[in-house]
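Just so it is clear, A, B and C label the chains in written order, and each chain counts residues from 1 on its own.
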Amino acid sequence: MTGTRPGPGEPLLDAHLVVERDRFRLDAHLPIAAGEVVALLGPNGAGKTTALRALAGLLPLTAGHVRLGAVTLDDPSHRVWVPAERRHVGVVFQDYLLFPHLSALDNVAFGPRSYGMNRLESRERAVGWLRRVGLADHARVKPRHLSGGQAQRVALARALAVDPPLLLLDEPLAALDAGTRMDTRAELHRHLAEHPGATLLVTHDPLDALVLADRLVIIEDGQIVQEGDAATITAQPRTDYVARLVGLNLYRGQAHDHTVRVGPDFTLAVADAAEGDVFVAFPPTAVALHAREPDGSPRNTWPATIASIQRHGDNLRVQLTGAVTAAADITPAAASHLRLATGQQVWAAVKAVETRTYPVHHGEPEPEPR
Amino acid sequence: MSTVDDRGAGARRPAPAAAPRPRRGTSRVPVGLLVPAAVGLAALVLPLLGLVVRAPWSTLPSRLAAPGVLTALRLSLETATLATLLSVVLGVPLAWLLARVEFPGRRVVRALVTVPLVLPPVVGGVALLLVFGRKGLLGAWLDSAFGITLPFTTPGVVVAEAFVAMPFLIIAVEGALRGADTRFEEAAATLGAGRWTTFRRVTIPLVAPGIAAGAVLCWARALGEFGATITFAGNYPGITQTMPLAVYQTLEGGDLDGAIVLSLLLLVVSVTILASLRDRWITSP
Amino acid sequence: MRAGWTRGGTAALAVAVTLAVTGCGSNSTSGTGGGDPQSSASSAGVTGSLTVFAAASLTESFTQIGKDFEAANPRSKVTFSFGGSSTLATQINQGAKVDVFASAAPANMKTVTDAGNGDGTPTTFVKNQLVIAVPKGNPKGINGLSDLVKPGVKVALCAATVPCGAAANTALTAANVKLTPVTLEQDVKSALSKVKLGEVDAALVYRTDAKADPSDVDGVGFPESAKAVNEYPMVVLKNAKNKTAAQAFVAYVLSDKGKAVLTQAGFQAP
């Protein structure tokens, strides 16, 4: 039931997705290799769902192409369009969309039956998949009697039952509560690792991406802004969104030797020497707050106003406004010692050694259109 | 997640340990709703009670055994059921078209579909004659090409009943389809189901309660149809004389008691059948 | 933009004018004026409205008689309800507000008088005979009752409870013809309309009905019709609201003027 294998070095999924709708334009290259799990991350409205629907065949491309293995699924310039039902792409929807009138078994057997298997064989296959997700004894249960986690597993089994070369997951854990999410994430990781085809996972939760994906692709406003493995992205975020995602303060400025000019009134002393257009990042834990302008070693100090204070794990996260916006993590003890309150004026300080500087254009070639 | 349907005749009594019923005067049902509801119920039920009270109970058994009575009843039930089947076969696809496909003139088509509802049934019968009669637009061709005539035949009764009753089914099913979640159909497509398979295995089962409810309405309307039947199909015992026609003829012949007996029979049979339909078959899950 | 009251006032004025023009329309006299010396009891003095239930076969003739009566009695108004005699009899017995009842057969009249709703003895005023109504030109060549059972011939009859149906059955029995009609209509006009629509090849109706529609149907006489002649009785009803007018109407029907209209239509003298 799988497509023809692409040649060595060529990705299984070769997609250049261009979709124009109203005032929104998606333009993204998404190559995915067999066995690779790619997470598509981005804020709401970035185009993640559009990309997923285009790959699934639920939305036609305006331009570009989708090739899965040796088969072209969508190519407007050559008038090629394969509708969803002939694409052999598995989809796990955000609300699972299990057919309410069919049992779990019949749901999972639906795909094989649609592909022409007879009832007996498709049911056997379904039983096998339900066993793999640990729900063999729930075969006769109707979806409305399944818990969220169980429904998610049935949805996954249903999508995988036809051995699709491409698997798409739309926010697969979003509907679950925190506890269930952790367990389900671990299990999902196992199944995705076993899946021989390409996988695209759409999510807004960075933890999902970090645990489940081999590679992250960050998309904002229809454009890919950063991609790479988790480590690279965490270390060197390139947009505000990514920075917030990985929990860093990020600034862009002009570097000269060990200083970076971030704004007209704001210059940072940094640990790494650099020249030109750079990003500077430091974690909230590197920001110290003082009631008065501190003297001594820290050379990056500036006056700031407290915009909000929230709990953040065991610490407090303080959002600061001023010459630049920044987030600072403070221990509750330090906070009470400083008597921190919203609207209060404080001095923020960051040690140069805690900053990381990296060029905006990092010399690697941009992914070329194929 | 409760699946107990606690509406209608299938209501289960609360456990004995439940809170006591509220006393009169402290009822939580607003009087403003209760009074009109009671009046409405009375308006519908009292005429039926009148039939029961005025029935000639002493001669009932012999009247029921009279020839033609059971024939008319059987004919009524058969034709109403066939008319409903015809309406489902033709009406569900039409409802699907109206609900799911955007085509030019859709609003006009929808309005046309409801015309039999506002047309006086006798006029409907005349219209059917003009089309399917021996000299009708299509009837003449059907007669000469296939030897098929509809007037004065039992199939003609089915056609007349379907004409007046199909709109009920179409409206009910269109409503159900509009309210259905189309994302399930997308999910089916991603699982490899073609359009017909999706329609058959996903769309229809999801609106099956709506179809059932529409079919019930359709059947009831077909059973009671008179004007179109007598005008188009004529009136002959055993072939086209359904219960409503038999009642009319008996009444006009001056036999009021006989007419009451026939009416009671029709009433009892249809109420029995309708009441035995379980709620959960005609309401969505 | 007109002020509200002016628009409302205009509407009210329009309604009032309409009512004045249409109300009591029969008051406007025309042509043949008042008391005809030959109409005995009816004089220009009969006033009020009057409801007459009459058999369907009397439709054309009674409508004409009604107009003549109103012309002779300008301040009167006659309203008719035509239908199957059995239907009308049932309605009268169930309390319909009627002044005069003209039935196509004594049997139906008997139901009314037996229920005590008649005022006085019914008078037979005409007789009617059956003919076979066929589409104009007699395409199937029907010439007698026995032709009705030829294969492929569809026949409409009145139901047995209706006078023309009873008469038809009598005639068929007399002719020893066993006929299975395709439909049993509730009044003679319905049976006739089936012929006019071309749905049936023949129907047994009254001579008056065939005569009333010469452009669409032909009437074929047959000898057995003499064996099943319908006598038409007429009676004033006990609960008549306008007994004077009712009796005047009955008298008018029986008068020479009334008779002329009825004979013209094809009825026979009683």
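Quick note on the criterion: contacts are C-beta pairs under 8 Å (C-beta built on N, C-alpha and C of every residue); 3 or more make two chains touch, one makes a residue touch a chain.
As the structure is a computational prediction, the values presented were derived from the model and not from experiment.
Relative to the centroid of every protein C-alpha atom shown, the closest chain centre, again from C-alpha atoms, is found for B. Taking the CA centroid of chain C as reference, the farthest chain centroid is that of A.
Distance between chain A and chain C, defined via averaged C-alpha coordinates, is recorded as 88 Å. Each chain gets a centre from the mean of its Cα atoms; for chain A and chain B, those two points are 54 Å apart. Look at where the CA atoms of chain B average out and do the same for chain C: the two points lie 38 Å apart. Within chain B, not a single residue touches two or more of the remaining chains.
In chain C, there is no position where the chain touches two or more neighbouring chains simultaneously. Within the complex, the chain C residues that touch chain B are 84, 86-87, 89-90, 93-94, 108, 111, 154, 156, 159, 161-162, 181-186, 194, 197-199. Interface residues of chain B facing chain A in the complex, by the touch rule stated above, are 1, 3, 183-184, 186-195, 197-198, 201-202, 205-206, 208, 285.
Across the complex, chain C is touched by residues 129, 133-135, 151-152, 230, 234-237, 240-241, 248-249, 251-254, 256 of chain B. Chain A contributes residues 56-58, 83-91, 93, 95, 97, 99-101, 110-111, 114-115, 144-145, 158-159, 162 to its touches with chain B in the complex.
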